[in-house]
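Sharing a structure, written as structure tokens. Questions coming.
In this document, chain identifiers A, B, C, D, E, F, G and H correspond to the written order of the chains, with residue numbering beginning at 1 in each.
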Amino acid sequence: MAGPDAVDLGFARVDVDREARQGLPEVVYGSGKTPDQIVAIVRTLLRHNDGPVLATRVESDAAASVLAAVPGGSYDSVARLLVWRPAAPTGFGVVVAAAGTADLPVAREAAAVATAVGLGVTTVTDVGVAGLHRLLAEQDRLRAADTVIVVAGMEGALASAVGGLVDCPVVAVPTSTGYGASLEGITALLAMHASCAAGITVVNIDSGFGAAMAAFRLARVAGRTP
Amino acid sequence: MAGPDAVDLGFARVDVDREARQGLPEVVYGSGKTPDQIVAIVRTLLRHNDGPVLATRVESDAAASVLAAVPGGSYDSVARLLVWRPAAPTGFGVVVAAAGTADLPVAREAAAVATAVGLGVTTVTDVGVAGLHRLLAEQDRLRAADTVIVVAGMEGALASAVGGLVDCPVVAVPTSTGYGASLEGITALLAMHASCAAGITVVNIDSGFGAAMAAFRLARVAGRTP
Amino acid sequence: MAGPDAVDLGFARVDVDREARQGLPEVVYGSGKTPDQIVAIVRTLLRHNDGPVLATRVESDAAASVLAAVPGGSYDSVARLLVWRPAAPTGFGVVVAAAGTADLPVAREAAAVATAVGLGVTTVTDVGVAGLHRLLAEQDRLRAADTVIVVAGMEGALASAVGGLVDCPVVAVPTSTGYGASLEGITALLAMHASCAAGITVVNIDSGFGAAMAAFRLARVAGRTP
Amino acid sequence: MAGPDAVDLGFARVDVDREARQGLPEVVYGSGKTPDQIVAIVRTLLRHNDGPVLATRVESDAAASVLAAVPGGSYDSVARLLVWRPAAPTGFGVVVAAAGTADLPVAREAAAVATAVGLGVTTVTDVGVAGLHRLLAEQDRLRAADTVIVVAGMEGALASAVGGLVDCPVVAVPTSTGYGASLEGITALLAMHASCAAGITVVNIDSGFGAAMAAFRLARVAGRTP
Amino acid sequence: MAGPDAVDLGFARVDVDREARQGLPEVVYGSGKTPDQIVAIVRTLLRHNDGPVLATRVESDAAASVLAAVPGGSYDSVARLLVWRPAAPTGFGVVVAAAGTADLPVAREAAAVATAVGLGVTTVTDVGVAGLHRLLAEQDRLRAADTVIVVAGMEGALASAVGGLVDCPVVAVPTSTGYGASLEGITALLAMHASCAAGITVVNIDSGFGAAMAAFRLARVAGRTP
Amino acid sequence: MAGPDAVDLGFARVDVDREARQGLPEVVYGSGKTPDQIVAIVRTLLRHNDGPVLATRVESDAAASVLAAVPGGSYDSVARLLVWRPAAPTGFGVVVAAAGTADLPVAREAAAVATAVGLGVTTVTDVGVAGLHRLLAEQDRLRAADTVIVVAGMEGALASAVGGLVDCPVVAVPTSTGYGASLEGITALLAMHASCAAGITVVNIDSGFGAAMAAFRLARVAGRTP
Amino acid sequence: MAGPDAVDLGFARVDVDREARQGLPEVVYGSGKTPDQIVAIVRTLLRHNDGPVLATRVESDAAASVLAAVPGGSYDSVARLLVWRPAAPTGFGVVVAAAGTADLPVAREAAAVATAVGLGVTTVTDVGVAGLHRLLAEQDRLRAADTVIVVAGMEGALASAVGGLVDCPVVAVPTSTGYGASLEGITALLAMHASCAAGITVVNIDSGFGAAMAAFRLARVAGRTP
Amino acid sequence: MAGPDAVDLGFARVDVDREARQGLPEVVYGSGKTPDQIVAIVRTLLRHNDGPVLATRVESDAAASVLAAVPGGSYDSVARLLVWRPAAPTGFGVVVAAAGTADLPVAREAAAVATAVGLGVTTVTDVGVAGLHRLLAEQDRLRAADTVIVVAGMEGALASAVGGLVDCPVVAVPTSTGYGASLEGITALLAMHASCAAGITVVNIDSGFGAAMAAFRLARVAGRTP
């Protein structure tokens, strides 16, 4: 038995009460799970909840198997995201700002998850601080956002620069791009924490998903989730 | 000259436009500054802005000198915070949850800064995960919050537990409490990022100030700042 | 020559006296050994001892070769464990608690080794601290255990929570699941050591084997090994 | 209010139910607390429980103040431990083995805490592996133990050696002794985890307290606590 | 004996040929040397060379003793620098850009050393990337430089931003300012290396001296040293 | 839209103004980009600028596709560099000094990039400090350089030795050669920063490109770029 | 040109004077070199010197090509070592002691290189400190050695134990065996340095070659090389 | 009781058999011991052995107390070493080579310990690789040594350079001199291990004592100890 709020599948105990508790069903972390395991969890979530159902970090082969078994879903191969029953869009506007081309897959995960849970998303790319004029050209778009998700690897400096430009919440996602001293994203993570811009917050390396969920929590407190 | 928006004091270039740009004047980071430098910056901010003026990480001796030179301020010796012209309270409710007694100074900095910028603050203490019943006894208070600031050192597990209990934004502050494997807060910082709870965000070690400023940004987007 | 208590196979010196000394024959660490080497050591152990003989971290191809050469054994492909002459079950009850689905292979190694050496094992899964109600639903089972083995990656917070719920020994196994700030299990290892719960102990990353052997030592001192 | 099981002192929420739940009252971690805070918590624990009350990491000045305010206690200045109402000795025998003279303060904390909670303690010192004959001379004493606590800094090799000599539980405490490559105890902690001896477990750096509490949990499961 | 090009003082072997070889006498690293040792080396350098003689990282007490013993020198207490026979100014223009007030002592060391060896120095302060308008207000001055020395701690992002604004050499000096994730300057050092701006170079943490010497080498190759 | 100075390709925003601003078009970082993406950026750069166009870290398969689509380029398979419209050689002389054979690919990247942007390049190899006579045999060549790029892995000691031999700028490139304690180049990077030779500067691990661009900046300030 | 003592092959500058200078020709580090490069260097060394010629870290395919091109050599596939003209054995006796089976390839490299340069080698295996009786059974053999090379991964404790048993030089080789807290050999390297046994020395991780060369230097000073 | 070969002083178990076993009595590590403890151990060693008795890392105050209580000893305040009954000098020649002035205290510990145990010691200073001519001027002295102890902090490059110049054993001692990227000696330790010079060995950071003891072991195998 798995408690009143969970369905026990043997290999997993699905938290079917989370939608009531947190406004969104549990999200399936696909990495390390077989397609059969993903299918079983997704079916359980679809059955016991009404909201959007997501599976992250699913490679394309596995995604095809899962979609065949559980119809009605869609797959974003850059974001590696499966979605069923996406939420209707709300008026909460998120800008995802990616420092460079190499940061785009993570930015796409952030954007696709945020969209699936009902946020309005705009993406701006290639606005790294080594080309400030490209960043400044996007100032108006950034300042109009309800939340900015900054996606940057290497030295992660974009988070500080954006933090100083806007007054809304800034969620920084360090990425594992770069080489050598980038230390697989550790340098960007530390640098974002050491930032001289006050009040920016940080999520795990490459976690576009985490940033989107943080934005979802913000939208809830602002009263703008579905 | 320091640009149209800044007042150049020689040793510092005060950003007097920040209030217009971000809703709050620049905050003085007291560590490493002389009382005279703090006085000069605070006077400049009081003159060019209307909102609250804060100086963080000011030791008590320095605070006394500064308060004597710039009347009208108050000092919180646990938070090591100086405040002039605190904002009127708004309806945005922040709960600061501290895992243990040793985390209280950082929790106090978070609470005092948040209060000074107009947020409504409640503090709950000693709710570390090794005594889950103490945490669960505070569930209702946590769930009523607009934002929870979790302050925890050692293994930082409180952030994950709170992240699963509430649906509002959770800002985690790792602290440098503990010894040995705590690595001066690095372990808590990493653990909070690795958390299994979706959508929690993290600020720098011991940065109660950073968490409060993150909450202020949230309050702005929720339309509940002064 | 290899001393009175060891059989020298050239590439290894098998400690055939360990059963007399420590109650259990030497266990073969399969990683990096050829099937022929494993066969030779297992045969030596079976010949010179009476108790259970185990080989850990054996991949399925190698396992098949070894089983063909040394009949009477069984293989658990999730735990990657080979066992001959498993011990009869005793009354010492171990609960293996796994935080998430990704931790199951390590949990299975712990459970399979513990079972093979005669302990009574129950496994509970998906009880990470981000869903406290799932953990609390298992309280009675955890409190009835003689020892709890906690298997958790990411931030490893489950160890602290369980440590506060039960009064029996808690052996924590950090796992290398997660990404980014999880640092291949280092973060969980450090966090478990920094834990605020008193008296929990920790073994190496991914070492389900080590935790089971620790439990076996506990069962001996409690007078409940075969 | 602090929940039915806790007494709220404002700066701390004392877990007065722990004795019922885990067989031993909460232990006060003295580091970073004022004498007044320690006094208040100790009084609360003495009033609401019947068992031994301990405060660890209390420097001698603070200890004198606390003892003056709360009579009936005793102080061990090497272990930096305050004890009221020590438990009557039971038949559970712990050997604390310290590798070198520099490890003695941590060994003493382990021994003093274990004694205070009712375990029978013997200490052997200066048995580092660079002098194997000194270690082997203590074999009989080690083998007669119900549990061995190994206290060692530098390379921490004693844990492996003892792990191979005895069949009872071995709890290893890395210490911050040594210099340079010892990395304040991190090297010993890692080395103890990497140990080639099966089934030894590890606690935090310098945590004699943690090791003693782990032994207390063992004694409970062996049915030999008061 | 110390070779034809060195004077052996017992505790040091002064490289009196360096001026001929590299255009500048050896510079005395004052940290860890007694005033008497500094005096002896400075005298040797003054006697055997014609150019400027510098001693870095000299605290004020020691500086007073040295100046009393070797007349004709001057001391900068912020830069902790002693100078005899400063070079005449040349037309090579260096801008030292400091991110924040806390970076000023390192910036001052860079400026004072550069001035002493004959470079023309301008300092701009408080131009961290969290206030881009302050940085942009200094664009013209930065673009007019022959070399920019960027002094920044915390996340070190200023180096990337400046690297993108100017076409001259940029030498970045990470500083040990900040706390927590700043890791005493390691984060800034790594971030500056991971920078997305092409062709910026980095010197050791807090080494204003190193940056000034790098600028001196640049001035030589540009044909603009005395 | 991408601002007046950038061409927005969707996945990238090409900085076509950089040639005017910094004397050289943006360089394409090939790693992680598809051949199609590289082709699009290269075409944009060729169209909007007049100078050399480079793409670094392009594997040979991708290079063939790109060259087929954008004629007129050449590929260096050791340096993994694509070049169109190389600059005419100027009189600025760079010596690339490689410590060992394993450092040659990085040295080649430095040499090929430097040549493509118009610098005069000589390479000397196998001059590691464990064979000082080989290094000293190259003294004259090193001293004649306008800039020396030192490429060295393992302990990176060549940078210190060269820094003491020459008076021109020295740019050190740590490489990821070596094993064990070399830590993938981190050791060389740290060692080069800790160097006892004054005024040498360092770029990222394996970044022959970064060193060449630093040399280009030097050539500009010396007035010797095209 | 490569100086009077070196032959320049373009990609390498062979130090043909090393035999005269250090008693042994340069040894070829095979990793990262093509078979053709190895062939060219080996031929140069055979032509210009009289002593043994070695190439380390050569995989079996490459070894076959090289042996076909340069007859007279032999290959040890476990040690991955190629040898031409091995030295005649001398009376200098080296014992290579390996802690476990997984350490054998590194032990074999040490033994094969030492043999090739004329030392007398005995190997003892599986003498890790978790089975002290196996180590003690080899005491006589260890004490008869002129030098002991200790090869151990995981916690590296064997070095301390051997250091206390013998009075001759002990050269410790940490290996990258083990998992988790072993950190690819870093833990063993640090632990060996922190060892409580006086006068043991350490070489790089997995460097059986380095240990053998250290032994060769010892044999020279003892007057017992060919 | 402490075994037949040890004298138990309660806080320490003195290994009085070590002189017979290893040719030299146990050496007292003074750090963390009280003068009374040092006195007791030194007296025990003087009584039970005939050879030299040493206590390392003894501060001057403690040294004075110990010398007053145990006459006949001498104290070297730079090396922080106490010696009784120094050995007569033998013909084994050690050169201690220190890279810079800041390395002298560690060099002095190496020299003083080596002298006390009967080796012939010469010290050369200030021969860092940034001034190769100073190193080369000492070539003859280095080549005449039986063993060279290299003492160097910062980047530790001197070990590689000396390793290539001499054919005798080279023992490298990294020191904690330098700042920033020197990481308290860790960088030098790693760099010395990563060295391109074959057969050099390394001891712990700042361990002049360890290097001297390694040299003593070498002298024994060369047959040149008293």
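FYI, contacts are C-beta pairs under 8 Å (C-beta built on N, C-alpha and C of every residue); 3 or more make two chains touch, one makes a residue touch a chain.
This structure is a prediction, so every number in the text was calculated from the model and none was measured.
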Chains touching both chain B and chain E: A
Steps needed, at minimum, to go from chain C to chain E via contacts: 2
Relative to chain F, chain with the most remote C-alpha centre: D
Chain pair with more C-beta contacts, E-F versus A-C: E-F
Turning angle required so that chain C lies on chain G, C-alpha fit (0 to 180°, nearest 5): 90
Equivalent interface positions on chain D and chain H, same or different at half: different
Rounded Å distance, chain D centre to chain G centre (Cα mean): 44
Between chain D and chain F, centroid-to-centroid distance (C-alpha), Å: 57
Separation of chain B from chain H, taking each centre as the mean of its C-alpha atoms, in whole Å: 51
For chain E, residues that touch 2 or more chains besides their own: 131, 136, 165, 180-181, 189, 193-194, 198, 204-205
Full enumeration of touching chain pairs: A-B, A-C, A-E, A-F, B-C, B-D, B-E, C-D, C-G, D-G, D-H, E-F, E-H, F-G, F-H, G-H
Chain D-facing residues of chain B, complex: 101-102, 104, 125-127, 131, 133-134, 136-138, 177, 179-181
Contact set on chain H toward chain G in their complex: 21-23, 27, 146-147, 165-171, 189, 193-194, 198-205, 209-210, 212-214, 216-218, 220-223
Complex contacts: residues of chain D adjacent to chain B: 1-6, 10-13, 15, 17-18, 29, 31-33, 37, 174, 176, 185-186, 189, 204-207
Of all residues in chain E, those that touch chain A in their complex: 99-100, 128-132, 135-136, 153-157, 160-161, 163-165, 178, 180-183, 187-198
